[in-house]
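Next come two complexes, and both contain subunit A; in the first it sits with subunit B, in the second with subunit C.
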Partner chain A sequence: MKSNRRTFIGGVSAAALVAGNTAAFAQKKYDDGATDKEIKIGNTNPYSGPASAYGVIGKGIEAYWKSVNERGGINGRMVKFVTLDDGYSPPKTVEMTRQLVEQEKVLAMFQTLGTPTNTAIHRYMNQRKVPHLFVATGASKWGKPKDFPWTMGFQPDYHTEAVIYAKHILANVKDPKIAVLMQNDDYGKDYWEGFKEGLGKDANKVVRHVTYEVTDPTVDSQTIQMKDSGANVFFNISIPKFAAQSMRKAAEIGWKPVQYLNNVSAQVSTTMRPAGFENVQGVITAAYIKDPTDKQWDNDDEMKAWRAWMAKYMPAGNTSDVNYVYAHAVSFLMEQTLKKCGDNLTRENVMRQAANHQKLRVPGLLPGITVSTSPTDFYPVQAVRLQRFKGDTWELFGDILAAEST
Partner chain B sequence: MANATAAAALAPRRTWIWWVIGIAAVVPLLRGVVPDIVSDYRLFLVTTMMIAAIAVLGLNLLTGFNGQISLGHGAFYAVGAYVAAVAMEQANCPYWLTIPLAAVICFGFGFLFGLPALKLEGHYLALATFALALAVPQMLKYKWLEGLTGGVQGIVLSKPSAPFGLPLSEDQWLYYFTLTVMVVLYWAAHNILNSRSGRAMKAIRDHQMAADTMGIDTARYKTVTFGISAAYTGIAGAISASVIAFVAPDSFTFFLSIKFLIGLVVGGVGSLLGSVLGGIFYVLVDNSAQSLAQFIKRDLGLAFDLSAYTVFGVLLILLMYFMPQGLAGGVIRLWRAIRR
Partner chain C sequence: MEQFLQQMASGLANGAIYACVALALVMIFVSTDHINFAQGEMAMFSTYLSWQLMTWGANFWVAFVAAVLLSFVLGVVIERVVLRPLHTAPVLSIVVVFIGLLAICNSVAGAIWSYLLKEFPSPFPKTDFGIPGLIGPHQLGVVVITLLVLTALFVFFRYTPLGLAMRAAAQNPQMARLVGVRVDWMLALGWGLAAAVGAVAGIMVAHIVYLDPNMMGGILLYAFASALVGGISNPGGAVAGGFIVGVLENLVAYLGSQLEKTTGVYIIGNGEKLTVALIIVIFVLTVKPAGLFGRVVVKRV
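Entry: the complex of A and B
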């Protein structure tokens, strides 16, 4: 054998070099939608149609990525955010999502808005194995990693929130007799199911359960029925218009129960002011995000930064619209997720990182609330704080509350 | 009128229709050869065009050939889609069987609605059908029906795959399925219109009193036409349930009915070919309006935020101005100009 020491060493180092090279290659891994220069993410939002009021969320997110790109992008890659109008119509969402995934070849879908619209693409996203992240709906069905490992929600779901109210009622109200006003659709039912679950064996404490249709003109008669039941607790599952009506009517007819209002209607400008501040003192709700009309955040650093960001990137946007705080917060979470992926921008890794946040502080969330996820926990924001209406604003009280959702 | 000229211009060259069908049948097979051009997504898009075309065809039978205006065909579409979805979900009915099922039920529904509609004409009929379009999505949410319809949540379905082990993707298969249904329905509509019944339908449109005097049973013809028209649109809805694999009340808003009407007017009122063109137009322009709006904003760098519907509206106005008889009329005019 003529093999000497030098050739041997040469051979080994050459092998090492090759191995080293492949290792270097292995570090950069891409799926569709990711390159050395760009990360492409897709979104659908209702810029037209019945839910177009939510379109500002899409606009806010678009502005957020613009600000990220001006800061230099994510690990040197520019984010290309492609957002399409689905008009809140499920068939259109399917069409637009397929366009984004199959033609535009986005790495992930992010913040697609609406419960029916997301339901329409739920199975498709999971069959295609494309991340379907931080969807903009409070339904409780988005955190089921066993059946749908590619879909993740964002906000505390309605179910969890209602469980929290139920437990608070049982702990704080002596001999509760509960009346419930509920919007008759999936959103209302999600709350109602959670509420019953939270009451557990005390479910018979609900003495009156009335519903309304979103097309009804008023809920006056429902409010009178609730008063007549002799209830001393009022759980209000309604959107701002009806929340304001029912609270005002309750005050008019001299019904003074302990009131719990769902977070959906917790905005000062659209619910509390129209209901009349004198009529809503002491109403309790749960919150997870800072309301820009709330004066206690006037000197808050995060909100100051948010206002500066609004002024620069969304100069025409309404700074009292909480949807922009929401858009900023959820985009921040997406940015952190993509950042953690490093150079391994595969769809699988995006999901792995999305399910790997530990107590991440997201600006805009209430103090003390953080984002935690795991391979079995697909509910990023799960904690809320209770707040009570006082004067013309909300006042936080008590500890951070969390409930594991089903 | 537009129809008569269209038929005259195209009658001697009936072979072109076979060419179109032939091309439509071959193109999806190229998916394996040029996957970037013939992609599953594009086949899906063409399938939605064909579904829209069938629905517009149904509306055209009623409005274009029988002179009864309807602003509520979205309702029949919704009923068709829900019949299919409920049959598949509750009774494990195969998807292809939902087509005749939806047709029969929608025919009944349309026929019954056609009875009171006899007393209504013109604007009044438009308003009554408008009410129907508004009411149906609400009815789908109704408590007593919720066990069947799934209420607001809707029904999630699964997409059918190709039978007999054919090596086709789901989208390819649904494309062929929809194409077959469309060709059959087109052929049926063509035969109806060229029969005694078809001439009676058109006579009622042109002058009801004269038609009456000639011994045409106008009441029966009008209600049956309503039924057939509803059946066509219901079939389109049933196919859409399979293709989209999801139905919910939010899918069938009032705007859907307007969409069919736009397809009808743009394609050509009273023209079968126009119905198909109108369906294709609507999906195509609705999609490209959005890309066009984005293109103007992003690539041309114009500062104003154009909504997709602005672009769509402008396109619609231009089209109506330059092709007042719809696409079918416009194509024929162009054809004549070239031949001259």
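Entry: the complex of A and C
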């Protein structure tokens, strides 16, 4: 680690020397991918394959840079966004990322999507010392500046979120007996670990822990098992399809626990309505972003601006897809980061500015939630608010919650 | 005991889903001698067609019938356009075409209707149907519809000249041609029928697993298992296979959880459901290669 840093500093000063010789008076510094006219950013997204539902994020980001360029770019430089299809396949992500870094020579990688895919390039990006910014995954491992100083996450991580639910259950449910439904993979386990940590010595309050595989057609069988355990709390770690199925099935067989639903599935149009509004009253979840299908934001200024942006730059996009709000928000953060870099567009400075946001308001985040980072805090959005389902919409309650995941 | 009954009922309901898709697989096999890997995705596409018609204001059953007919036509067109030129091609080329169809159906559906989950209505009355707490109205409806489709197919293949001609064309094209069966059209018809049965399956399943382009992925695996267990050449066997697989997988989960309760150790359960289904398939195929209800085909060389 030490020698790495030393060679790095050497490299930077050498680059500075070269730059100093050629452009003596301009204080401009560039690494690969940045010039007087252009900033080149790389990205991989699943435009095909099993996770192609998330491909809209890549398209949304592309549209965002188009709107930035029409406004005149960032400090006069046009953003060139190169996004490639990795089909959510980690080996492909490695191939595409190497192509972007070594041939396209991008300044930074931004919003590469997926937990397994980002895991595959995690080490590579840090060895190459190329910024690996605001990755699109909620795993908890992206905010470790000591070991991986070139990688930074964006959204609140699953681990932190689960800790918050666990604390809320212990504080609010009398004599809790908890049943957990979990998707049997890294995403599910990240939540599960956080949940156990949050329960602490009360971990034995979990009376039933059932899993499902993504290939299962339904989770009816698991829901019946949870009911049979006599649990009065249901923590639901599942993607929209299975979240909707399990909540509907619970109502069907007459199981009425206090329900906690992971944020992954909190969207009204893809989970709550399919589950049936009458079956999901009182369900609790944590949120950090505004759901475009939630009518409480219909007259919200930020969301109105977002809708206008969608109409202009993403006319074919589905405005009920929260992924577009997400794409817009994370791109805004990247724009602010690059803007702060000024004319010093080195990779090292990009990371320094990314780790230097103070209470930045990012449109699309819930009221009261802001972005703060520091050289030791690589978790941009860390706060969530709890909300409870009522009628056909979410109702925020309580304070802004943040649990440091360190 | 309550849990046991609920698990059995839910197993039967899931079994009906597998049986529906397995029926479509059997249809293609009986009428063309191929196994269509794109069957699930074609069914998904048909389901989107009916969903589209409903959002345009059609009543459920109108959309249902229209989607089934449209799927029939589409099936015929696919056979004529895509598979016709491959009549003499080796099996491997055809398998590749099926996998290509799978990918195409999936991406086209995603491009047209997006990958977001959609709810799909149930045509069955919410009250006075099903057994409260045990089996929902829709689940019971799916079981009934599956059995109806099975009966219709049985009658068609057994007692109508067209059905007999189709079977002949699939099993022995040369001889069939000699006795005056238009083999080419029989194959196309077989594709049409399979697509239509797939559409019924998709529309029935969509209320339970919700509508999205990947809805059939997992189901197709179980449907293959069902069709193979029951006998890929026998519609009745495929339906029985579907129910067997559905009930067995829930039994595994149930017994596993009981075992965990008494011993305190997790030995087998929810994680091994698919594994168990596939082990059953291997076991059945080893002991009885034609499937439980399949007839052994003897080919004279």
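Basically, the second predicted complex is superposed on the first by the 380 of 406 C-alpha atoms of A that agree within 3 Å, B and C clash if a C-alpha of one lies under 4 Å from a C-alpha of the other, contacts with A are read in each partner's own complex, and residues count from 1 in each chain.
Going forward, a residue touches a chain if its C-beta (ideal position, glycine included) is under 8 Å from a C-beta of that chain, and two chains touch if they have at least 3 such contacts.
As the structure is a prediction and not an experimental result, all values here were calculated from the model.
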Subunit A as common anchor, with subunit B and subunit C clashing or fitting: fit
Touching partner for A:Asn279 - first (subunit B), second (subunit C), both, neither: neither
Partner chain in contact with A:Thr215 - subunit B first, subunit C second, else both or neither: both
Which of subunit B and subunit C A:Gln103 touches, first, second, both or neither: first
Subunit B versus subunit C as contact partner of A:Ser48, first or second or both or neither: both
Which of subunit B and subunit C A:Asn356 touches, first, second, both or neither: neither
Subunit B versus subunit C as contact partner of A:Thr393, first or second or both or neither: neither
Partner contacting more residues of subunit A (subunit B vs subunit C): C
Contacts of A:Ser372 with subunit B and subunit C, given as first, second, both or neither: neither
Touched partner set for A:Thr35, first subunit B, second subunit C, both or neither: neither
Distance in angstrom between the closest Cα atoms of subunit C and subunit B, superposition on A: 5
Overlap of subunit C and subunit B interfaces on subunit A (superposed complexes): 48, 50, 184, 213, 215
Interfacial residue positions of subunit C with respect to subunit A in the complex: 2-3, 6-7, 10-11, 13-14, 17-18, 107, 110, 114-119, 133, 136, 205, 208-210, 212, 214-215, 217-219, 221-222, 249-250, 253-254, 257, 269-271, 273-274
Interface residues, subunit B side, partner subunit A - complex: 39-41, 44-45, 48, 138, 141, 143, 151-154, 156, 158, 240, 244-246, 248, 250-251, 253, 255, 287, 290, 307-309
Of all residues in subunit A, those that touch subunit C in their complex: 48, 50, 52-53, 55-56, 184, 210-218, 220-222, 224-225, 227-228, 240-241, 244-245, 252-254, 269-271, 273-274, 318, 320-321
Touching residues (chain side subunit A, partner subunit B) in the complex: 47-50, 84-85, 87-91, 94-95, 98-99, 102-103, 116-117, 119-120, 122-124, 184-186, 213, 215
